[in-house]
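Look for chain A in each of the two complexes below; its partner is chain B in the first and chain C in the second.
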Partner chain A sequence: MTSRAWISATGVDTAPGRRAGGWRWLCLAALLCGVLAVFGDDYQLRFAAEILLVGTAVMSLNVLVGFAGLVSLGHGAVFGAAAYGAAIASQHWGSDLLLMLPVGVLCGMALAALMALVSYRSSGLFFLVLTLVVGQMAWEVVFRWREVTGGADGLRGYPALTVAGLPASHPLALFALALALAVASGWALRTFVRAPVGHAVQGMRDQPLRMRALGFHLGRLRLQTFLVTGAVAGAAGSIYPFVNQYIGPNAVHWSMSATLVIMSVLGGIATLAGGFVGAALYLVAQTQLSSWTDRWQLLIGMLFVLTVIFVPHGIVPALRRRFTS
Partner chain B sequence: MAYIVVQILNALSFSVLLLLTGLGLSLVLSLMNFVNLTHGSFFLLGSYIGVQWMASGAPWWMAFPAAFVLTGLVGALLDRYPFRQFYPRTHLMQVLLTYGLSVVFADLMRWGFGADTLSPMLPDLLQGVVFVMGFPFPVYRLFLIATGGSLALVLWWAIEHTLWGAAIRACVIDRGIVETLGINTRRLLTVGVVLAAALGGLGGALGAGMLSAYPGLDEEVLLLALLVVVVGGLGSFTGTVLSALLIGFVTTFARMWLPEFANFLTLGMMALVLMVCPNGLLGRETRQL
Partner chain C sequence: MMPVLQVAAVQKSFAAVPVLRSIDLEVRAGEALGLIGPNGAGKTTLFNIMSGFVSPDAGQVRLDGRDITRVTPESRARLGVVRTFQKSLVFPTMTVRGNVAMAVRASASTGNQWWRAARAMRQADEQAQALVEAGGLASRADTLAAGLSYGEQRTLDLLIALAQRPRLLLLDEPTAGLSEAESHRLLELIATHHADIALVLVSHDIDVVFRVCGRIAVMDLGVLIANDTPQAIRADARVIAAYLGMPAPWVQGAGS
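And then the complex of A and B:
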């Protein structure tokens, strides 16, 4: 796909560079988090932690889809596999964050690397289906291997999260950890996108043939992007099972991957902050709708449809355009 | 030995279902590069129509044309809005639109037909078993193989040996040139979409006697149909037939030997095939420009 086609299709100018007024949004987000930390009750704090963790996964997906042009339908499996990895490891070796984080990151990177290797020579629709297939293989393992993963019932009853021995299961602590992880991941992904390798990745998205002519190894670039995004999604996944002390097979299913993608599109596909906006909007909508009506799945489906029809470019780019012009 | 023969027949009947469903999806994909994830919903809708029709007491054989026409109608409506404006857009947007629609349809069907597993009341003619080398085998599956196989033959003939088929094949390769010949390709594409949806529904109506109809079947079928299309290679009828057979046989025999890991094995095998042939078994080399 040529660069013009991509930009007209996604409607975003992904040229990295300092945008005036970015700090204002950052202040607003910090204020929001501060207000939540002070006034939020336990339920709200847990919910906010969930949004931040899922948002971090969506942010890594934004890099994969928006910056690298690799439309993956298996990212939910990367996130979910890391969550399962952490939950299972905690049953055997205790649930310290210092252990959970590396376990989750490794699980995420391993599955992401597998996806990159399987889809090494594929592109377009074939790439999409292969990521879906690898993700569903992970789901099959989770769903069938009852002794270890709990099968359809999922896992519960594993120890609560601690940090270096101190208990961290209080909602405020979970919220603070999720926030710290989100900030660190945002910084890491921003660095990746702005580094030479990030520019090369965007070049791969827009002009694969020309990038190859320039001597770039597209397979290696792809693998690097997968590893970085898999590590971030894995890190988010490693804390996720401790927010509600429950993890179910739905977190690995491809509908989770599709949900992550719609969050990504909702927020703005080639923005980093959009991940959190999309995750927050989607999760709030889902919680409200499911408490309000039994037909919430129908309405969630409509949300998908309305999003691609009315805000295909995402909310964050729309806001940006509005406030900079 | 006899047991293997029965399993081969089982695999064949499953392959025929996959073929009918996969052909529709393949048509839309190669004609207008449109990823239609609602195809599984068409299949399930066809199943429910078949079940309801056979329960209603109307002539049973009319259930299949009814499913064909009704799901085709749904396809025609969807083609008008909102599919049409998504044909020129990226796969990402198409996937999200059609995934959302499939969620909507799944919930609507659960609303309308309930969450229970429904099986059609087959006519006496198709009930019961025949003995194949001493092993019982359902008559319905033989009917399925015969009907589905002949339908696929008719389709193959229509696409390879009629003027309409030639126009559709030409459209796959270069739509612009076909337009300059004075053929209204827009109408041709609409016919393609409607036919694809109708085929999905027909596959569902035929499959109801074997797989029953239940919420969640749409997703299972969708994933298998996507695999059939992708493994076969885009725009190749023979490739689709080959991959439908491959997936049908791999799934059936994996279920026989390792029931726990059947789906895992099938998915893994297909991933391997796609690693070796990135464009599918008989797909054309895609040129990057």
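And then the complex of A and C:
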């Protein structure tokens, strides 16, 4: 049975006034970004750009998992494949964002579409395994196709990012680009989930049988959701290899997908902002803890368990409830 | 006048066990057909065949004369074949109005739009609001469907179906588990809306079927044993033997 807390955490079409206060959080986020842009050093700016890009991918996963009910273990591969696609393309055609972005979006959409088609009629555990398998196929290609992808060593030495010919490799430029992409992606996904198709996607999650009786084709709804979320994850992936001028096979590995799911759960799976909160929390914890102990994964595991116990629907829904009640 | 729904020589078996043996039925616009019979009679299978969720092994299903036997449930819904389910299937994370608006948009073919067209959304909301008010749920319009009582959820179930602008409305146990008052309100809602649509009602509540339906089809072991007016059905010996049973002696005594 669906719990009340879950219901209040997952609906977009809810009682008026529930979303009041969203502007306060947006202002806080804008202030934080402003402070970072002015006072942040190069390392902090690159790290913030990474958080924003990974957070954008997690936000798109939130739409897939939280809004559509499609728990995918292949979304990391979508993000990573787009990153590889952009890095490889930059070696041949230059690394202008105007080219990298469409390359990343197309790579993301192509792999997401493949996942949608392979898992067309599956659900639950079978769906999870199929997305995992398709993701691992992508990893296998990346890992084995050494002459193109660099294999286990990954790729380095490709040109730095430019925007319409202007250099954009400075940490502040990367941060600004990642922020712009995060905002644009947030707006696009918000439009999607609030549009009729977004309501239909949530209907598919909650009452698939009723949706068929209403005349909705579930396979098409699934494919559309995969394409939209794949495009956003792909867009984020297209800038990712230029943050540290390196992309390795771990970005496509299933453990990356699992990490995105953990970030998603930490932030709140049926929220858009939760993607960034989850990514920030995970990456900051990872960075801080790994400099302190080798057993950082154990501590992150404990953080995850505590979150699931005390704020089972994630941090953003918990904050919302705290500040709207 | 051509029947809205024609079921012709429909047969269905599951694992070589015949469940439906050559069923013929017709329902016209404005007519309400009750489908009754003991458990295992094949009512639900026939219902699923009418709505397209199950394909028959043989026979035809026609809507307004058009063969829809192989048409998917999704496409049938767009043609006006609308059904409810035994269990209440509402959208728990949406408001009552949002639930009905989803069905309004589905029937207007705007349910898959990628943009939030303000005018279309407002129109759908207005139509939904009118239906919600007609269904007596006006005070609950902004409530999440998960917060409704069981009776209210059944009403919402019916409102969703009515919002699809049905040509043929298939209702599966709409009053099961409802109080008499709730049941009465739901039947009134059905009565006010089925004037120009064909209605098929499956129910174990004999009183409801006899009150709402102008014709009743009785099934037993996959066979249609009677298809007649309520008065004729009450007097049919095969129906009494298979399903209705004899009135208890004290009821007979009271009647005489």
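One rule holds in what follows: the second predicted complex is superposed on the first by the 306 of 325 C-alpha atoms of A that agree within 3 Å, B and C clash if a C-alpha of one lies under 4 Å from a C-alpha of the other, contacts with A are read in each partner's own complex, and residues count from 1 in each chain.
Just so we're on the same page, contacts are C-beta pairs under 8 Å (C-beta built on N, C-alpha and C of every residue); 3 or more make two chains touch, one makes a residue touch a chain.
Because the structure is a prediction, the values reported are computed rather than measured.
By the document's definition of touching, of the two partners only chain B reaches A:Ala258; chain C does not. Once the two complexes are overlaid on the shared chain, A:His217 sits against chain C while remaining clear of chain B. In the superposition on chain A, A:Leu98 makes contact with neither chain B nor chain C. Of the two partner chains, chain B is the only one that A:Ile309 touches; chain C does not reach it. In the superposition on chain A, contact of A:Cys27 is made with neither chain B nor chain C.
Contact with chain B, but none with chain C, is seen for A:Ser123 once the two complexes are overlaid on the shared chain. Of the two partners chain B and chain C, it is B that touches the larger number of chain A residues. In the superposition on chain A, A:Leu209 makes contact with both chain B and chain C.
Touching of chain A by both chain B and chain C, each in its own complex, is seen for residues 10, 209. Note for the complex: chain A touches chain B at residues 1, 6, 9-10, 65, 71, 73, 118, 120-126, 128-130, 132-134, 136-137, 140-141, 144, 208-209, 254, 258, 261-262, 265, 269, 295, 297-298, 300-305, 307-309, 312.
In the complex of the two chains, the chain C residues touching chain A come out as 51, 53, 73-75, 77-78, 82-85, 89-95, 98, 102-103, 105-107, 110-116, 120-121, 142-144, 146, 160, 164. Interface residues of chain A, counted against chain C in their complex, comprise 2, 4, 7-8, 10-16, 191-192, 194-197, 199-200, 202-203, 206-207, 209-210, 212-217, 220-221, 224. Only residues 29, 35, 82, 86, 89-93, 95-97, 99-108, 111, 223, 226-227, 230, 234, 260-261, 263-264, 267-268, 270-271, 274-275, 278-280, 286, 288-289 of chain B touch chain A when the two sit together in their complex.
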